[in-house]
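Here the structure is laid out as structure tokens; the discussion comes afterwards.
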């Protein structure tokens, strides 16, 4: 009996140690880099100039890249798309359907220092479907931005 | 013949020197002044009281003038129109068609510290059609603001 | 008697018309332009790259010019110097003597969205010594900035 | 001989074409990525956890990476260090010597939406010594931050 208890305590301690090294449910810098590089590659392949932002599970900026000649105004939009996606664990395009005049959360974009509610922002989930961060892409059409975001996310799901 | 070659080399060198002094694809202070003076002249000729702002290629304020008795609230609107035009390389009126309720980028005005999406802001292009800055005009009707902005831009395209 | 009354009414009306055209104690756009052009000329003559801002009597931006290759960070500093000078009707350098640690208005720079309390900002007075606006210069040494500001102010005092 | 001349003319033309694609005096996305990866490598080699930001010549965010377990508060500090370095074309540590109580530009940190004036921010120059952007590093000691920033900058100077 005591042995079992001891074993559990050790397990808790070693678990907390590994949590220390890196939260098990947070994106790593290597994953974030992999995502922005894959998204950039997709953007280049489809000839779109975008800004790409990745936030961690805490909605804080983790990685960012601005492609040459992409819109200056897309820096902030890309970051805000990623933050919005993590703030509400939602595809920003889906959020936008609820924020229109008459919508159930009309003008929620005014909260949190400014949200973006059109496509291009998406939560990033790990292989266990746990949200570990978010990506935001801005610079192309909303369809292009969303496709590039998806290409980025897929980069860490491959074995 | 050697003389011709020498002349060309000197030309290249002096070109790179002049690039040093001022980025080749950025508006100069003299151009910016010429633009706000031409826009002001057009406003006076058509009896409109406006604020006129010019930004450089990096969307930073380059020149500004507020006409006597023009709206106090137009100072910020003029500057934001110019910034918006450069942030997305677009006529602000064109942007506004996409940001309405139901539009594909609804409420994007809430990004970048506040954008303005009605007419009066336009990118400034040099004779080679490269964007070197932007102008924003506010104070008159949106048609008047846009016409004044255009008059300003034209001032640097004349030989 | 009626004649006298009529004369008074006419006087009031014409007075209000002239007030309408431009507040008697406010800088005009022509004066503001004259000031930034004279300041720019002085800067060029002394080989200094600066940003020059002029505010009106209400501390609102009236005119602005950024010289090519001057510091990007000086845009905001120049505008804040002019605002600070008008907010407290003071040479910004004089204000700075009072805001140091232990000073009587220590850290007042944190008010009003940010003040600047080193030389380069000065009230602009008309020929009757009434404050009609302020100038702020940033980009050179504090002595250069102040000298350029003074050169600008002098431009509207000449006959 | 005509052949040589022709070759030179073609070179000039292709130069101007490449300037089109990307401003000659602005950092590219590939350079920015190279810099943050080299800085990250240096940080890992010296066992320091940092945030690394790179801005372009217009002081706009170009690339960013946050190392796992680095300070959350260092995201903004790193970005502000890079911006400060470009706003005034200066090593942020050098700026800090001038902003202390009694310094000639005391409290300038309150301008431009907040500056950072201790080491870790530096302008990025190309091989011709022209400033093309800036780097900001935050998370270690100020000596470590500065050394990591330098390691990043050096990455694009190697042949």
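Note that the chains take the letters A, B, C and D in the order they are written out, and that residue 1 is the start of every chain.
Keep in mind that, in the parts below, a residue touches a chain if its C-beta (ideal position, glycine included) is under 8 Å from a C-beta of that chain, and two chains touch if they have at least 3 such contacts.
This one's a predicted model, so the numbers in the text were calculated from it and none came from an experiment.
K.L.:
I want to compare two interfaces, C-D and B-D. Which one has more contacting C-beta pairs?
P.N.:
So, comparing the two chain pairs, more contacts are at C-D.
K.L.:
Superposing the C-alpha atoms of chain A on chain B takes a rotation of how many degrees, nearest 5?
P.N.:
100
K.L.:
Compute the distance, rounded to whole Å, between the mean C-alpha positions of chain C and chain D.
P.N.:
Comparing mean C-alpha positions, chain D is 34 Å from chain C.
K.L.:
Give, as an integer number of Å, the spacing between the C-alpha centres of chain C and chain B.
P.N.:
It comes to 25 Å between the two C-alpha centres.
K.L.:
Just curious, how far off is chain D from chain B if you go by their C-alpha centres, in Å?
P.N.:
Chain B and chain D have C-alpha centres separated by 27 Å.
K.L.:
Among the residues of chain D, which ones contact at least 2 other chains?
P.N.:
Counting only residues that touch two or more other chains, chain D contributes 58-60.
K.L.:
Specify the contact topology among the chains shown, as one of line, ring, star, complete or other.
P.N.:
Per interface graph, the chains form some other shape.
K.L.:
Using the touch rule from the top, collect the residues of chain B that touch chain C in their complex.
P.N.:
21-22, 26, 28-29, 32-33, 37, 40, 56, 58, 60-69, 72, 75
K.L.:
Name, in rising order, each residue of chain D that touches chain B in their complex.
P.N.:
1, 4-5, 8-9, 12, 19-20, 23-25, 57-60, 130
K.L.:
What does chain C use to touch chain D in their complex?
P.N.:
On the chain C side, the touching residues are 71-74, 76-77, 80, 96, 99-101, 107, 109-110, 114-118, 141-142.
K.L.:
Which bits of chain D are touching chain C when the two form their complex?
P.N.:
58-59, 84, 86-89, 101-102, 104-108, 110-113, 115
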